[in-house]
Amino acid sequence: MRAVNDRPDRAGSGEVLGPRDALSEPRFTGVRSFARLPVVERLEEVGGVDCAVLGIPWDGGTSFRPGARFGPEAIRSASILLRPYNQARGTRVFGALSCIDHGDAPTVPGYIEHTLARIEAHLEPIARAGVRTIAMGGDHSVTLAELRAIAAVHGPLGLVQFDAHSDLWDRYNEQPLNHGTFARRAIEEGVVDPARSIQLGLRGPLYEAADLKLGPKLGVEQLACEELVSLRAGEIGRRVAAVAGSGPAFLSFDVDCLDPAFCPGTGTPEPGGLTSREALAALRSLDAIGFVGFDVVEVSPAYDGPGQITALFAANAIFEMLTLLAAR
Amino acid sequence: MRAVNDRPDRAGSGEVLGPRDALSEPRFTGVRSFARLPVVERLEEVGGVDCAVLGIPWDGGTSFRPGARFGPEAIRSASILLRPYNQARGTRVFGALSCIDHGDAPTVPGYIEHTLARIEAHLEPIARAGVRTIAMGGDHSVTLAELRAIAAVHGPLGLVQFDAHSDLWDRYNEQPLNHGTFARRAIEEGVVDPARSIQLGLRGPLYEAADLKLGPKLGVEQLACEELVSLRAGEIGRRVAAVAGSGPAFLSFDVDCLDPAFCPGTGTPEPGGLTSREALAALRSLDAIGFVGFDVVEVSPAYDGPGQITALFAANAIFEMLTLLAAR
Amino acid sequence: MRAVNDRPDRAGSGEVLGPRDALSEPRFTGVRSFARLPVVERLEEVGGVDCAVLGIPWDGGTSFRPGARFGPEAIRSASILLRPYNQARGTRVFGALSCIDHGDAPTVPGYIEHTLARIEAHLEPIARAGVRTIAMGGDHSVTLAELRAIAAVHGPLGLVQFDAHSDLWDRYNEQPLNHGTFARRAIEEGVVDPARSIQLGLRGPLYEAADLKLGPKLGVEQLACEELVSLRAGEIGRRVAAVAGSGPAFLSFDVDCLDPAFCPGTGTPEPGGLTSREALAALRSLDAIGFVGFDVVEVSPAYDGPGQITALFAANAIFEMLTLLAAR
Amino acid sequence: MRAVNDRPDRAGSGEVLGPRDALSEPRFTGVRSFARLPVVERLEEVGGVDCAVLGIPWDGGTSFRPGARFGPEAIRSASILLRPYNQARGTRVFGALSCIDHGDAPTVPGYIEHTLARIEAHLEPIARAGVRTIAMGGDHSVTLAELRAIAAVHGPLGLVQFDAHSDLWDRYNEQPLNHGTFARRAIEEGVVDPARSIQLGLRGPLYEAADLKLGPKLGVEQLACEELVSLRAGEIGRRVAAVAGSGPAFLSFDVDCLDPAFCPGTGTPEPGGLTSREALAALRSLDAIGFVGFDVVEVSPAYDGPGQITALFAANAIFEMLTLLAAR
Amino acid sequence: MRAVNDRPDRAGSGEVLGPRDALSEPRFTGVRSFARLPVVERLEEVGGVDCAVLGIPWDGGTSFRPGARFGPEAIRSASILLRPYNQARGTRVFGALSCIDHGDAPTVPGYIEHTLARIEAHLEPIARAGVRTIAMGGDHSVTLAELRAIAAVHGPLGLVQFDAHSDLWDRYNEQPLNHGTFARRAIEEGVVDPARSIQLGLRGPLYEAADLKLGPKLGVEQLACEELVSLRAGEIGRRVAAVAGSGPAFLSFDVDCLDPAFCPGTGTPEPGGLTSREALAALRSLDAIGFVGFDVVEVSPAYDGPGQITALFAANAIFEMLTLLAAR
Amino acid sequence: MRAVNDRPDRAGSGEVLGPRDALSEPRFTGVRSFARLPVVERLEEVGGVDCAVLGIPWDGGTSFRPGARFGPEAIRSASILLRPYNQARGTRVFGALSCIDHGDAPTVPGYIEHTLARIEAHLEPIARAGVRTIAMGGDHSVTLAELRAIAAVHGPLGLVQFDAHSDLWDRYNEQPLNHGTFARRAIEEGVVDPARSIQLGLRGPLYEAADLKLGPKLGVEQLACEELVSLRAGEIGRRVAAVAGSGPAFLSFDVDCLDPAFCPGTGTPEPGGLTSREALAALRSLDAIGFVGFDVVEVSPAYDGPGQITALFAANAIFEMLTLLAAR
């Protein structure tokens, strides 16, 4: 059985689910799904899905500006500009890969523990069905739930984390769950293998000098923004591959690794970050890693301005993630 | 067969399509369809639909501020706040009425004639299937296409038009199609019966004194804003019913009949208009009219501010239209 | 001992804490405290305080648009326009009443139960010291914590609630704490006496017909917006006084009782609400009630537009609350 | 000799300067002049001008939000929606009256005394030429310069001032010139005759009870907002006429007399003000007064939101002023 | 005869038309013309004009975000910051070159064919008079009309196009005219000589791999963004000169060749673009080309944020184009 | 005696004043002071203060966009994201340095001479007390007052000025005080020693070629933006140190030295400026200079967009200035 809104984009065959064709129907037409992909909420109704893009609307874990609950809506809205072919990589993405918009995971405002449990329960069956997920956050605390779900299927994951912040702090306000603690919790719980993990783009003021030792102590490689931007894209890819190895890995992209000029619509912006060119090139360099899950988090549209350039960048980051899958 | 995203809101039965329940899943969850209704693009796949809400993303006919092509997206986004029961009318709407979001009609940027033809072709089969449509504009030129499609099924229609402007002008820039000429064209083409038509809320500067005679000359009743606000809601309902009679009628609601304080996000705002209370009361008073089609037009989100109050009002106006259908 | 920034506004005496004088120093000068009052975080350092205005920065309980955590900041920013004398009431407010800005109550993002407990613990000593509090929300769930703290001192409270929504629902997403359930919880916990409580301004779509019976069932008087606006201000005051009687009462003002044209910056806006004139007149009519606590909630500045008119209205609503205290 | 961009709007005759015709050329075409009138900076180059609309870009006298220096630009931008015929009054405005956009008066940022002198010098020759001016402010301090210039020609003027504030304060920061002191200075200087002056729409907190006596002390009639809105438009007109009498008068309209919902883009907004319908009706009621000058002040576009509804209202207020001239 | 608002900027002589002097009259003073140049709509009234800057307010050809009809207004508004001397080039621009603001070309909303014909008819006489035009778009479809008009005078033109998109697609929605097809139409019509044409800055997702062959097939040189940013400015100038040769050429600058961080206010933004420094340097490198016409297109102010940085960049790009003319 | 809100951030000792701890109380809690430092308006009440951050709310000297009077409020609001430790420099800032928020200097709207005198009188005692000041502007004219006050204590100062403009012009509108003339006045008055002064980041159109000679003529070193960005950070530091020598110096940072993509919220933006990475690196390179005063000016929040990235950058620039002090 096929999805209801399922006219694939010039795919030639009913087997591959892809976006509607913007050349025959203006791109601003229709209910906003990611890249105008068919919305399929019951995976069992369609076969052969390679990748499910889904939203995780949650901002209860943010320590500064909320609004990431509307991140999925904004990314979907901006993503209607995407086209099927990746010019920079020379890769056909839609058409090659069978993709769906899988709707949103459920959350519970005010209750972070319940929320993470709901998200995990929502994602595990998808991972178990062999479908790769790309989640649209949500603040960074949702990644913990994603990691739990996917590690339950694939075992401990290498974590490749683009971020201005390490998110390795222990507690905020005496509580353990927060967008600034997710990575530490994931390591403590064993769903992330620190030895195969790397954080890229770190910068900005810290609480104390001891914060700099959190990565080494927990066994996570760290690449500060200053060093990251001194590398060519190919070197970045090699550095990440050297850490992540050949095992299953998760790519978590916090848009605050970009400078606020490029991604103003985020929860905890830090000046001095990546440009969009640098960030896209870094993503494109990761083609040797065996990612089994992805997310783009911390898009907060109320702070993004009328051009919604943060959401637009996030949509393109997801397109690069899809390309990583398609290019294999 | 049922739609994919079809968990009706506590309807009790699989037959009635309604919105997802916001009490069990936050309302900000999921792809944005109108009121979180199931998206059904192929009417033949579901039976017993009473009403289809659909978008007409078009702003090529506007003489001032464009952007109404994003009106449907904005109204859908705001409509997730709607709940099933109309407190003011004491009417159960969703659950009583089987409703869908029917996606968007296709348009062709830059080509108004092709666009209107596409819209008409899209709508006529729905009307023929006995489903009532509520269109989310788009600028007011789209109403001409709606009227053509519905009149093809139901014959000439009474037009009940809330608007700051009569839209009875002849040409702009020597051309016949525009958001300021649609009502005249509809009368000339015979798809609107002027004797059963009324325009409410007219105000603002005109081109010349002769403009005041366009309504009388074409046989359309007109109620200037000043007089409209002097009437109680019941009287408005009676005045409209006296004109529209018992034949098939179309309700076209241009949000610029409200004051810009209430609806700033519109193409040609005019100070001195209705409040939202007055407008909602007027809509609620129209329960005696046999409407076979509806629209809410001229929502231009880029001019609406971060609160998107114009889109929110439009969503509520549509809810009142649904109530008119449900209360019959 | 006196506060550091404590130059009272022409008060004539060092005993009365009031705002800085905007005639001798531009009002846009200085750290933003409410109405430019002295910031005093340790009540014991100053004596004779009549009223403490404080913030409760929290939006974890909202079901739609977050951002009320920045409500206190925005209200403080707008409040610098306030002057000491209430022209409409003929009452000297600052100068007559000794007032401070008491800073903000602590909260814990993501943990609503911990948050409410923190707020309650923060407020109870103030109430116990005989100081009246006016809280700047925060979403409406914070009112539950305020009621708990104040009822611990004064016993069960009459609740006078201006709101588009009754907030009497039972659960959202199976959980009990939320901005839509606070009033029910407060009644169940006995901190609100329903027999002395009234809700004003209710409107908008409901979940089901049964929602209309929640008020009667729980014993709370309800005045729908439609009826409210048909009353003159004096009548409103008498209706409220008849319910609230002479016992201790709490005045909770949700800015969504105003129309979105007047208060767009809020979490769950509903078209068709009060104007600012109606709302201010209603507040002024409540001079017979023995309020022992107040709040203004649901100001969400990211949705308020550059004029920040919601925050400005909220600042003026607080000024009317101060006037109620000063006029006694 | 005629102005360069001088195609009058269907005026039939070269003698009457009016706007370009928006029916033959879209209204969003061309350099923004008020109502698309010809820009004529040298009055001597054209004859028979009845009215000159001009800008006074200045915000150095504001006590809160600056930005009124861009008020003229914003009003011009919004005014392109105006059409020639006043429907509410049944008056042909453009075409009947020969009007120009006279550009802007010069100002000197940071130097209020020099600025007022420059404005006065700029305006006096126009007044002397018998041309009526309608100034687009600028903060309210510019009115003092206008009054000086026009009184130099016509003698002491009756002042009809729509405003939330009396602007009768003596000094701010020990200095005499400010948007809150202009009316007092004008009376002290003898350019305004208090006995023929009235202020309408006063409201909001004051500095002290004594402020209420400033009007009576200086001999100016005052109509608080609360009383103003209780009058029908006709009564307002009669009340004003009774004060202003038959001598030369000046109409100064501060947009903050409207509620911030209708005019958010202003320097010192006060909740509880007029609606746009009330304000337009009040303006229309003033047809018995012998106005020799007009202004609309305190439009601050940076606080106005994307719909720029304050500027739009201001453009329409000017249109009503033009109608007062045309209807004589 | 001279224009009405014609006080040239310290030019010393009445012969050279230039901007008003911002040192003697604040730059925010006066009707907004480009760089505060005199507005001259009838070329025959002034002699010796070198360059006419004019607007083409049109957005009917855009496939995503409309609003470019307000591009000319926004560019004019931002351009008042320009000063006469180009520091980076060491070139006196205004004062050396006699320049005017020539107002706007007429358009017809909804009718792209009529619109292009109107624009062409408007521009051809200017080109024939030997005046260089710099058009402020409008979406990119307007360039086709410009090319038709200028090629009618100068013969087939070399096209130097800065753009994220090649605009070589054949049809959208089965129709030939659109902002994504203009360059193909221009080649097909023979108004552009592909052998002397080059496109710079191409990037972003494509519809299919075959899109990459459109340039080679049509004979147009293409420089992808990735390669472009690897070149020093001088190399870019040489590469362009090698293609464009010494014949007449047209420089079309689509602001979406910049990254959305630098130009968010545009119709179809693509992340990963040029910085403003790179773009300005590239423009400055083109001094060897014989440009006979210029435009800057796709400025859509409603998406540009309050700083209007896209419009500001566009104003500066035009200043560089003027410098290319002045430096000859 | 200690300040009222004085819980220092994990400082261990009551002697060092620092920010509240965001790990134990959310950072969005509390009255907005710079970096959540204690507000101390009377220096004599606390001992051992190393550095006072204070606001100078003034925009009367701006030649284009006003609003810098709200710069201090916006910088304080964004600064709550700062943490105590500078990762890039490896320096503990808060905790090492005893810092306060010293409130705002008084100003007088409309009276630039009075304003500068008030500011100077406010600052001199602080400088005399040996406390370093970091002022948050305000437009650039406030720097003249700062220089006067600090030079009165320390003698003529070397000026290190980051700026797009030299601010060496003589007069605007015949008047001497303005944000474009402050540096010239300071040299003329002898409070700045030109031989130890350098301006970095100059770019954009000038009034005339002679403007390029103002620096050399007055003896100030100038480094155009183009050259500045070609240097590595270390070289910048050396170039500045070579000029400034070992005497007392003042660091004035105008945010318009950054590109408008990074700092859109400013009074006179110029495309083609520094990135935030370049600017932060340049600031960090200045550790050899003996700065006795600092400011960050020209933050105009109304033009900054909802992300307020200009204010955020300014807060981080101040953090780097604090680091320069802490690292000594």
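Here the chain labels run A, B, C, D, E and F in written order, and each chain numbers its own residues starting at 1.
In this section, a contact is a pair of C-beta atoms (placed from the backbone, for glycine too) under 8 Å apart; a residue touches a chain by one contact, two chains touch by 3 or more.
This is a predicted model, so every value here is computed, not measured.
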| Which neighbours do chain A and chain E have in common? | B, F
| field | Rounded Å distance, chain D centre to chain F centre (Cα mean) | value | 40
| field | Centroid distance [mean C-alpha coordinates] between chain E and chain C, Å | value | 54
| said: With centres defined as the mean C-alpha position, give me the chain E-chain F separation in Å. | reply: 38
| task | Please set out, as single numbers or ranges, the residues of chain F touching at least two other chains. | result | 25-26, 28, 63, 69-70, 106-109, 172-174, 259, 261, 275, 302-303, 305-306
| request: Please give all chain pairs that are in touch with each other. | output: A-B, A-C, A-E, A-F, B-C, B-D, B-E, C-D, C-F, D-E, D-F, E-F
| said: Using the touch definition from the top, list the residues of chain D that touch chain E in their complex. | reply: 3-5, 25-26, 28-33, 39-42, 45, 55, 57, 69-70, 73, 76-77, 101, 103-109, 302, 306
| query | Okay, in this complex, where on chain B does chain D touch? | reply | 63-64, 169, 171-174, 202-209, 211-212, 224, 226, 229, 259-261, 264-266, 268-273, 275, 302-305
| task | Show which residues of chain F lie in contact with chain D when the two form their complex. | result | 59-63, 65-67, 69-70, 106-112, 114, 141, 172-175, 177-178, 302-303
| note | Interface with chain E, chain A side, in the complex: residues 10, 22-28, 80-88, 90, 92-93, 259, 261-262, 275-277, 280, 305-307, 309, 312-313, 316, 319
